[in-house]
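Two complexes follow with chain A in common, the first pairing it with chain B and the second with chain C.
And then the complex of A and B:
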C-alpha cells in the first residue's frame, strides 16, 4: 500500500473508517480460510494433529470412489439448480421490469423476497411434505385422476434437491436480472423496432445481450453457494441426492478427521471457482 | 390476460406454496403431516409452551441475533460511509472482500471458523463464537442496505454544517445520522432476521446450548414432534413477515429522505 505520507486526507479518512469492517473480515474470513488450507495438508489422529506437510488428504479425496462421486454429483446438482433457477427467474424479472407499472415494482419485488426470509429449515422440510409419497403433489394429481398411484421420482433423489434449491434461491436470481433489465434504455428497443426488427428479434438482439451482466451475476450468485448446501440434500435428497456438504460435516463432527474435511471443502470451492471463472471467460468471448 | 402475468402469478404460487401450507398443518388435528386433514385444533401451539428446551434455544437465538445485528450494523455503517464519501487506494478490492461472505457457501465459513476457534485458538464453542460468525455473514447485507441510505446523500450538507461551526463528528451526528436512521433500523432488522434463521454455521459452532434452528433440526427427526414444528414455523413466519414489512417501510422512508427513487429489493 502507498506510504502514509503519500495518502491524501480523503484517503486517510476513508481508510480509518473502513479499517474496522475490513480487519473484521480479515480476522474472521481470510485467516480462517488460510487455516483451513493449511489444515488440509496436515493429518489428524483422533485429537492429535500431525503437522507434517502431506498431500495424503487430497490423494484420498480425489482417489476415493465415494468422495469423487459426491463431488461430481454436487457440481452437477449445483449446475442444474443454476440453470433451472435462472431460466425460471428471467421471465419474472422481465415481467416486473417491462410490464409492471413503476409504482408497483417495489411491491412485486417485496413479494418475491418475503419467502426467502422465512425459516429456511421449515421451508425445505415442507418441500418434503409437498413432494412426498402421500404429499400434496401426489394427492392432488391422484384426486384429479391424472395418475393412479403416487409418483416417486420427485422425492429422495437429485430431482427433489433441484426443485427445493430452485425455490430457495429464486430471489437471488431474480434481483440481479431485474437490476440489469431496469438499466436498459427503453429508446433502444423502440429504435430497433422502428428499424424493422420484430419484437422477438429485438428481444434476442437488444434486450438479452444488454441483460447479460445480470444473468451472469444471477448465475454466479446461485451456483457458488448451492454447491455447499447441507440442509436440502439431507432432508429431501435421500441416498442418491447426498452432496459433498454431508461428507464434510461427517468428517468434521463425526469422524474427527478435520484435515480430510478441510481438503474436501477446498476441492469443492476450487471446482466452483474454476467453473465460475470459465463461465465468465466464455461470456466475455461470446459477448464480444 | 398477458401470458407473462399468468406465469408470474404461477411463479408466486410456487414461491409461497410452502409458507401457505404451514398454517394448514399447524392447525390440523392430526399427528401426520399429510392430506387429508383431520380437523381444526390449536393443541400443537399449546404443546410449544411445554417444551422448555425450546424456550432456552429461543432465548439463545434472540441474544445471538440482537448482538449480531448490532455488531454487523455498526461495522456496516463504517464501510457504507467510507464507500460513499471517500476514495482511497485499493478501495474496490477491499470493499468487495468485505462483501465476500454474501456469495461464499456457508459451510465453508462454518468449517473454517470451527478450525480457528477450536484447533487454533483453543476456545470453547459458545454463543459468542456464533455471534462472531453471524456478524461476519450479516455485514454484507447491512452494507448493501446502508449503501442505499448513504449513497446519494449530498456531502455539501455536512460541509455546510461544518462551515457553520460544527465539528466533523457533530456534523455527522446532527445532519447525516438523522437522514440514515431509517436505513440503520432496516439493517438491524434484516441482520436480526438472518441471524435468527441461520442454521448451518450455528450447527457447527454451537456449544452445549443449541440455537433455535439447531433445535428445530433435532425436532425434524422425530415424527411425533413435527406438528409442533409446523406450529412454531407458523409463528416464525408471521413474526418475520411483520419484521420485514417494518424493515421495508424504514428502507423506503430512508430512500425518500435521501431524495432517492426506489429501485426495489433489499439486495
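And then the complex of A and C:
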C-alpha cells in the first residue's frame, strides 16, 4: 500500500498500467454519458442551446403519450427477444455441452458463430428477404399449399423485430450458457441419479440451478443492447415495430431537439438498469 | 452371513478395450469389502457397474437376489460416495443430506430430524445450515457419507473416498469409517489403490490387475500368502529370491532342536487402528511348529523347508520365486544371538523412518539386496552403509511363487 511517504514502486507501476485504459474509459464512456446527462437538463432554443437547468425534457418525455408508448414497446420487445433467445439458446448450449464429443465442441462453437461472419445490416436485410410478402417463408408455405395468400404478420411489425433480433443475439446467449454448463461437475448428475432421481428431475434439481449464472448472463447480454436497438426496428419494424431508438434519432437529427433526445436516452438507460437489477436480485440465490 | 451381491461371468468392453474380464464375485451381507488395484485395473468400473452407471456387456449381477439387468442407478438399493464427493454446490449441507428424501412421504419435521441425526452420525452436528461450497475436504466427505447413509442403502459404494485427504485426516477417517460400518451394519464396498488402507479396513479384499480379480482373501491371508508375484509386490514390500523347489519331506524325527515359535510382525499402524476402534489387539500370529514341508534351494540362503501351505503343489520340483517379507528378516546387532538361521551381509542402504529403519543388505549369491525392516527399539543402533552384519531369517516365513 502507498504509505504517507508517497507511492511505492509497485503502486506506481500499477497506476501507470491502469492509466491508459482508465483514460480510454473516461474519454469514450464517461464523457459521452456525462454529455448526454448534461444535455438532458438543458433546452433547445432554435439553433442555440439554453443551458439553464430544467426538468422540462423529462416532464415532456414522461408525459407525452408517444414517448411512453415507444418506451413501453421497447421494453416489451426487448423482453420478448430475450425470452425467445434464451429459451432457444439453452437446448443448443445443452446439446453442445452434454452430447457433443469433447474433441468436437470447438468446431460446434465455431459453427455457432458463423452468422457473425456477415455484417449485422446484411443479416437484417436477409430477414427482410426471408419474411417478406414474396419472401422465402411465404412462397415456401404457398408452394406447399399450406396458405393461399402471403401472411403479413411476420414483416413490418414487432414480430419481425423479435425474430431478427433473436437470431442476431443467439450466439451471445448460447456461449455464456454453454460455459456455465461446461463447469458443472458431471459426477453431480450421477450423484443425483444415485440418490434416486430420474434424468429429468436431475435436470431441474441440479443442472438448471447450476446453469443459472449462465442463463442470467445470457439474459442481460441480450436484453441490455436490444432495448436500444435502432437498425432492426428501422428496417423490419414498420410503424408498429418502431422502438425508442428511432425516436431518439428523430429528436437529435430531424427535430433538432438534442436535449429531449438526451432525456429519452437517459430514461431508456434507466429502465434497462432498473429491470436488469431487479432480474439479478430475483436470481441472487443462484449467483453466489 | 448371507450373500448380498453376486456377479457371475461379468465382462465389460469399451469398444475394443476389455475393462472387466470374467468377474465372479460374491459379497456378503454386512461385509466391508475392498477392491484393490493399481489405476486402470478396472476396480472403479466394477464399482460403477454395481452402482448402475455402467451396463455389463456380458454376465449377470444380482443384488439381494434381484437381477440388476436394465435397472438404472436411481432404482438400485445402492448409494455411492464419489471420489470428488459430488456435493451439490448450490445447496446447503442439510439440503445436500436430504437430497434423496424428496420421494419420502414423511413430514418435513421428521425429515429434518433424520437429516440432523445423519449429520450427527458423521460428526457434523449443527452444520446443516452451512453452505456446501464453504466446507473443507474432510467435511465434504462426511456430508457425502451422510447423504448416502440417510437412505439406508443395502450397499454403500465408496470410490477412493480418502484419496483426496491428507495423511492424518485419512487415517482418522479410516477409523471412523470402520466404526460407522459396524454401527450401521450396511455392506460397504471400497475402491482403493492404497494397499495399507485396504488391509486396515476390509473384511475381505479383491486384488485386481488388468480387469481381472487375481486374488480374493482376508487381509491377513492376502499379506501372508499372496497368490503370485504381482500380488505380493503390490501388497506391502517383499523380497524375491530365486529358488528351486524339491519334493515334500517329513523331518519329524530328524529335527535337532525344536525351533521357538516366531511372531509374524503385524504392521504397527494396523494395531494402532484396531485399538482405536476398540478391537482387542490381535494375538500375535504364531506359526506353529511344523515338521513337514517342501525342501527349496533358495539362492543366497541355502536349503530351506517351506511350509506346505506356502507352496503350491504344481511348483514341486520346479524353479520358483521365493518371497520374504522385510519384517520377517532381522539384523543381528552386536552381541545378539538367535536360534533362527543366520547369513552374512553388508549394509547397502539405510532409510530411517523414525520408528523404523529399513536396511538394504547385500548377501552373497543374490543380485538384489534384501530389504529388512527393523523397529528402532531402545539401545538399538542405526547401522551405517558398508557395515558388515548378520541377517537372521526363518524358513517358515518363506512363500514360494510361480516365477
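The definition used in the following text is that the second predicted complex is superposed on the first by the 271 of 288 C-alpha atoms of A that agree within 3 Å, B and C clash if a C-alpha of one lies under 4 Å from a C-alpha of the other, contacts with A are read in each partner's own complex, and residues count from 1 in each chain.
Please note the rule applied: a contact is a pair of C-beta atoms (placed from the backbone, for glycine too) under 8 Å apart; a residue touches a chain by one contact, two chains touch by 3 or more.
Computed from a predicted structure; not experimentally measured.
The superposed arrangement places chain B and chain C next to each other on chain A without a clash. Of the two partner chains placed around the shared chain by superposition, chain B is the only one that A:182 touches, whereas chain C remains out of contact.
The larger set of touched chain A residues comes from B, when the choice is between chain B and chain C.
When the two complexes are overlaid on their common chain A, residue A:72 makes contact with neither chain B nor chain C.
When both complexes are overlaid on chain A, the residue A:112 reaches chain B alone and has no touch with chain C.
Of the two partner chains placed around the shared chain by superposition, chain C is the only one that A:195 touches, whereas chain B remains out of contact.
Touch criterion met: A:17 reaches chain B, while chain C stays clear of it.
When the two structures are aligned on their common chain, the gap between the nearest CA atoms of chain B and chain C comes to 20 Å. Common to the chain B and chain C contact sets on chain A is no residue at all. Interface residues of chain B, counted against chain A in their complex, comprise 2, 4-5, 7-8, 11-12, 14-19, 21-22, 25, 33-36, 75-76, 78-79, 81-83, 85-91, 94-95, 97-98, 100-109, 111-116, 119-120, 132-133, 135-136, 139, 143, 190, 193-194, 197, 199-200, 203-204, 213, 216-217, 220, 229-230, 232-233, 236-237, 240-241, 244, 248, 252, 262-267.
On the side of chain A, the complex with chain B involves touching residues 1-2, 7, 10-15, 17-22, 24-25, 28-33, 35-36, 39, 49, 88, 91-92, 94-96, 99, 105-106, 108-115, 117-123, 125-127, 129-130, 132, 134-136, 139, 167, 170-172, 175, 178-179, 182, 220-221, 224-231, 235, 245, 248-249, 252-253, 258, 261-262, 265, 268-269, 272.
On the side of chain C, the complex with chain A involves touching residues 51-53, 72-75, 78-80, 82-84, 86, 88-90, 99-100, 102-103, 131, 133, 147-148, 151.
Taken together, the chain A residues at the contact with chain C in this complex read 185, 187-188, 190-198, 201, 205-206, 209-210, 286, 288.
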